Each structure stands twice: as C-alpha cells, then as structure tokens.
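Can you keep this structure in mind? I'll have questions shortly.
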C-alpha cells in the first residue's frame, strides 16, 4: 500500500513566486523568509516522496464565478502553470499521478464527498509556490502531483470539519492504494492576511504562531472553530488556513512537529510552514 | 416557511421533446404515453406550485468530461435551453428561483455536501422534458426553477444513499426558508434503458413497474441497492433512477401515491411517472 | 469503481473510457455549436483533424460505425450529436451496439411489431 | 452564510458581491489571456464595454479606484489582474482599502519601517 510519509503546511503567497522569478531571493526583505524554508527542503530531499497531494485554492485563475466547485480533484496527466496576468512563468509543467488521482476520486465519492473531477485544467500559484518552496527550481519536478482545489473565495466555503473529514478519507484512500508510492500531503494557504475592506493589511502574529504549534498538538481546537472564527482571527483571506486541516486530518492524532518557520509580513501576509510526521 | 407540496418522478427521454416539437403527440406510438401524463398535468394545475426543484443529469450538453461535477446547483436568474445539436427549441427560458437556490447552497455546504455552484449555464432535455410533461407548452413557465445536476455519466457516480441524503438536506433547507413558496421537487431520469454495449435496448418492464410502486411504499429497498444493482436491473443509462431518490428523500417516510403511469418503450426507454404527496 | 464491471454486455463509462474517448467525445460535444456543425458537414475529415482524432477514430466516425466508436471510448451522450448532424434513428444505433439487424432489434429488444 | 457578516471592516464575498460584481470580475478574469491584455492596453474603455460594465463600474476601473471597485462587487483575486497589466503594488491596493496613506499603511498595518 502507498503511505503518507509527511504532512506539510505552507503559505502560497503569489509574491513568493514573483520574488523567485526576479531573483530577489537574497534581498533583505526576502532572505529571512526563504532561509526558513531550507530545513523543509532538506527534509524533502531526505524523505524522497513520489507523489505530492496538494490542497490549495484557486485565485480566480482556473475557475471563474460562473461555476464554483466546493472541492475539485485533478485526474489529468499534466498540469500547466496558468497565466495569472503576468505572462507565463519559467517553471516546468506538473506531471499528474493520474491513477492515484482516480483512486482518490473513487474513494471520495464512495465516502460521500462530491468532487468536481478535472481532466483538463491549469494550476495557479496556490500549487506552484508550495512546490517551489519545498523543491526549489528543478528542470523537472521530482514528484507527481494530485491537485485538490478547495473553494475559499465565494461563500459558502466548506466548513473546517468538512476539510478535516476530507483529510481522513484521503488517508484511507492513499493507504488502500495497491502501489508503493511515498506520499506527502501539503495543506497550503495563509497565514493571517486580509486584502479587502477597511481591515485590509490585518496580520495577526500571535494567532499565526499559535496556529503553527497548535495544528500539530491541538488540531481539534481548529477543527471546532467556525468559518467566521477563521475570518476574525486570520483575516478574510487568511481563512484559507482551513485547507491545512485537510492535511492534518490525513495524519495521526499524534504527530511530531519536525520543522516550523514563521515570517511576517511576506508581502501583505503572515507566512510560514510546518513539517509534520506521524507519531502514532 | 416554504413547503414541499409534492414529489414527482418522471422520465426525461429526449425523444419526448422531439415528439412534441414535431407534433407527434397524437400518433399511435406516442398517444398512450402522453395520455398517461394528463393526470399529472391536472395535479400540477390544482397544486399551483411556485417553484420546481428539478433533479436531473446533463447528457454531454452543459458539462464536458474536462470538468465533471458530482452535484451541481444552479443559482442563476435565467437558464436557457441548450442547443443539443438539433438547433434551438421553441420553448421559453426558465426563470431561476435565485434566492432560494443560494439558500439551498448554503444549507448543502453547511450539511457537508460539496456542490458546484453554477451562475451561468444552460439546461438540457433532462430539465426541459419534465417541465413540458407537467406544464405543457406555456408562453412562460408558471414556476421558477432550481436546477440540480447529478453526475450519472462518468464513473464514479454518487451512491443511492448519497442521493437520498441530499434529498433530506434539501427538505430541511426548503422548510427553513422564510418565504412562503409552494415547492414541488422532481426526480427525473429512467426508467430502464441501455444505449451502449451488446445489451443495448435492454428494458426491464417488471423492474420498472415494481419501482413505480416501491419508490412510494418501500424506498429503503432502493436506497440500499448498490450502483451496480441499478445498472444490472435498469440498464447502464437506467441507473439515472438514483435521481428519484433525491426527491424521495425529501418526502415523508409515508407518502400517498396519487398518480402513476408507465409506458414502454418510449423510443428505447421504459418511461413513466409518479405523483407523491406527503402522508406524515 | 475500481473493479472491472461485472454486468455482462454492459460497459460502464469509467476512467478508461473517459480517457480513451476524450478526443472523440470532445469533437462530438463541439457539434452543439452551429458553426461546428457547418464545418463538420462541409469537410468532415478536416473537422475531425482539428480535434486530433487518430486514424482509427476517424475511420469509425466517418463510417458511422457506432459500435466501433463506443469501443474506442465514445460515449453515446456525446457521439449522439453526430446523429443530429447526419440523422440516424437511435434504435439503429442501439441495433449496431447489440450487433443485430434493425428490425430484429426493434422486435426482440423493444417488443415492437 | 445567510446572516450579514459580523466581522468589522471585513466584507465577505458572498452571493451579493458575487452577483453584483459579476461583470467586473469577468472582465478582469479575461485579462489572464494575453490578447485581452493587449486590447485593454490599446483601448481600455472599448475593452470594458465588451463586458457590459456600467458607467459607475467603468469609472472605478479607469480611475484605478480599488476601494470603489471592491464596493461595486469586485473581488481582489480577479481585479488584481488589472495590476498585472498596469502595475501597482498590492500594498498600495491594501492601503486604498484601508483608506490610509501608503507609508502609514506599511508602518501601521504591516509593521514595516
């Protein structure tokens, strides 16, 4: 059976990609941010995963408001980076873990999830940036991907509990897959930020730091929060953090917090990551 | 609060629409079929609903295989009939019950359904034909609609139990809506038919007749069947009947079977309808 | 559904068919657009080439070989649009699937006399 | 979410915004296509007219009035594409939302010195 060898949480701020494109990696603004990811990159090199299941939201790039999926799962052979308005980025296409994707879809539907199943679709910075943060800029990505989109833009967005439950089903699905793939699961988005309204620029460092520990040690606390609680504590766009719950729901009740990093602001966002391993 | 004043089940065979377009209504092939719907039409005239919630599947018209939603809910102001290849049909556009639709979406997501939320979309014969069968060919439809699409084309399709559960949430949502709308809910599709494979032309009159009674008196039996059971008993395309379970799940445990009609074959399909009222 | 479909003579349109028939079904889906129907009627082969159909797929479509189209992953709901452009009764398509003569199909499967 | 959002100064993009801002967001979404970006740069008003924007919406877009665009239902994730075509830092857009001068916004909200 395939196995989940680690759960990662990370921001996916678009300006991270821009910073990498423009070689701003070592500028005073960005260096502390990128330096903190070195441990995560090293962990990834050692862990040698075959597949990354990436939970993220689209940001008005692959989905428009004409048809908004609550959850979508990619089953494509290949995913190209989408042009978000700034033109194409010089990063490789993503190869899909096509067979595993279909298996996850089967299990999700059997377990009463209702995904949009996507065979022809591009991926935006929500997937691109986490891949760059953990794998750098290779000529070809060292893992295949299963993209899973969560609606965090148009209300109603899914509840934290629903995200958690999806994680549990994904784990069951991965562990019932007859292959021997080593799988990492990435919950992305956040941390605290708000782009719209008079509270724009809201960052909550205290809540962010509590989150980075609590997602490891006390996930029930975050699972039991309402969507409104997320918006209040983490900002209207920081509510994206519900997507880390999909990752966390796929892990053991007890996990080891292997690495942790926080930096604020990255652009207008509290930013950071965790690396978790199952502890039984 | 809004209330469900009746649950209807009906076939939505495309050739019914063609027969109406070509004035074949009274030909020997079609007359017995259409005659059987007169009681349903009369029931509808007497019931005077404001809104029809129509559960149907798309048939390769509004959705392609690039992005297949397990469930989709319309929230549009207006739905045009889609051109299915034969050109536009001379039937009026459908007005959406926009506010109620959004309320259903809110409740569905809160209750852990994951709909695709559609604001710009056309509807195919899956919705058109049931409307014509129960409302005839008015200059304007006398009800607003909430279209709900169920994937019955690309596997995995949702389970019968999931369809049932959706019906229960829809009822809760409708009854928690502060308006005073009178709502009918239509489960459409079937009855037995198969278009593909060496078993094409399969019709199971016995199973169809049992269904028309059993959906009223013994829905648990059909809820507990597997998707494969449906294909085996009703044919690969007859498995659409799972959509009647959404309607049935929205009704009382006990219902009165007010009208029933069966005719086979309509084109290549066992065809018919039921009218159900809640009995407490 | 992860296991092969166990119901005799009844293909289910699962991942395999969906992947295999993707090009053909996309071509057929596009016939919902009047401009594409015109293009199909004016130069069918050029139209099929636009969607990258293989030689095998093109032959099946151009011969209106419904059985072969389905074997290659065509799904009836999409490829039926070909029968909107070049009319053929659905029962004849059914008969082709069943491998029966049309009259025999109507009588034996649908109970028509 | 059926109740008005209770979090101060924090609009949620619910049905009202989605419906109200539909045209503007669709126009902005289309800027993901290079041909549309070219059209926008060459004749912005003609481009906006293609998407049926109202006079009020056009004025807000053409003035790059981010606060007003959001008030009219624009969602940042869509309308940000305007800042891809006509560059402006995201923090300046944030400052406009907050109703603050850019430097003050950077200092007070983001803790930059």
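The first chain written gets the first letter, and so on, giving A, B, C and D; residue counts start at 1 in each chain.
In this text, contacts are C-beta pairs under 8 Å (C-beta built on N, C-alpha and C of every residue); 3 or more make two chains touch, one makes a residue touch a chain.
Quick caveat, the model's predicted, so the values are computed rather than measured.
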* Asked: Can you give the whole-Å distance between the Cα centres of subunit A and subunit D?
  -> 25
* Asked: Roughly how far is subunit B from subunit D, going centre to centre by Cα mean, in whole Å?
  -> 40
* **Shared-contact residues (touching 2 or more other chains) in subunit C** => 1, 15, 18, 22
* Any chance you could list the residues of subunit A touching two or more other chains? => 65-66, 106, 119, 154, 156
* Asked: Chain adjacency by touch: line, ring, star, complete or other shape?
  -> other
* To do: Give every touching pair of chains, nothing left out.
  => A-B, A-C, A-D, B-C, B-D
* Asked: Of all residues in subunit D, which touch subunit A in the complex?
  -> 1, 5-15, 18, 22, 25-26, 28-29, 31-34, 37, 70, 75-78, 80-81, 84-85, 90-91, 93-95, 97-99, 105, 109-112
* Report the residues of subunit C in contact with subunit A in the complex, numbered from low to high. => 1-2, 15, 18-19, 22
* **Interfacial residue positions of subunit A with respect to subunit D in the complex** => 15, 59-61, 64-66, 82-87, 153-156, 194-203, 227-228, 231-232, 235-237, 264-265, 267-268
* **Residues of subunit B defined as touching subunit A within the complex** => 65-72, 105-106, 109-110, 112-121, 154, 156-159, 161-162, 165
* Show which residues of subunit A lie in contact with subunit C when the two form their complex. => 75, 102-103, 106, 119
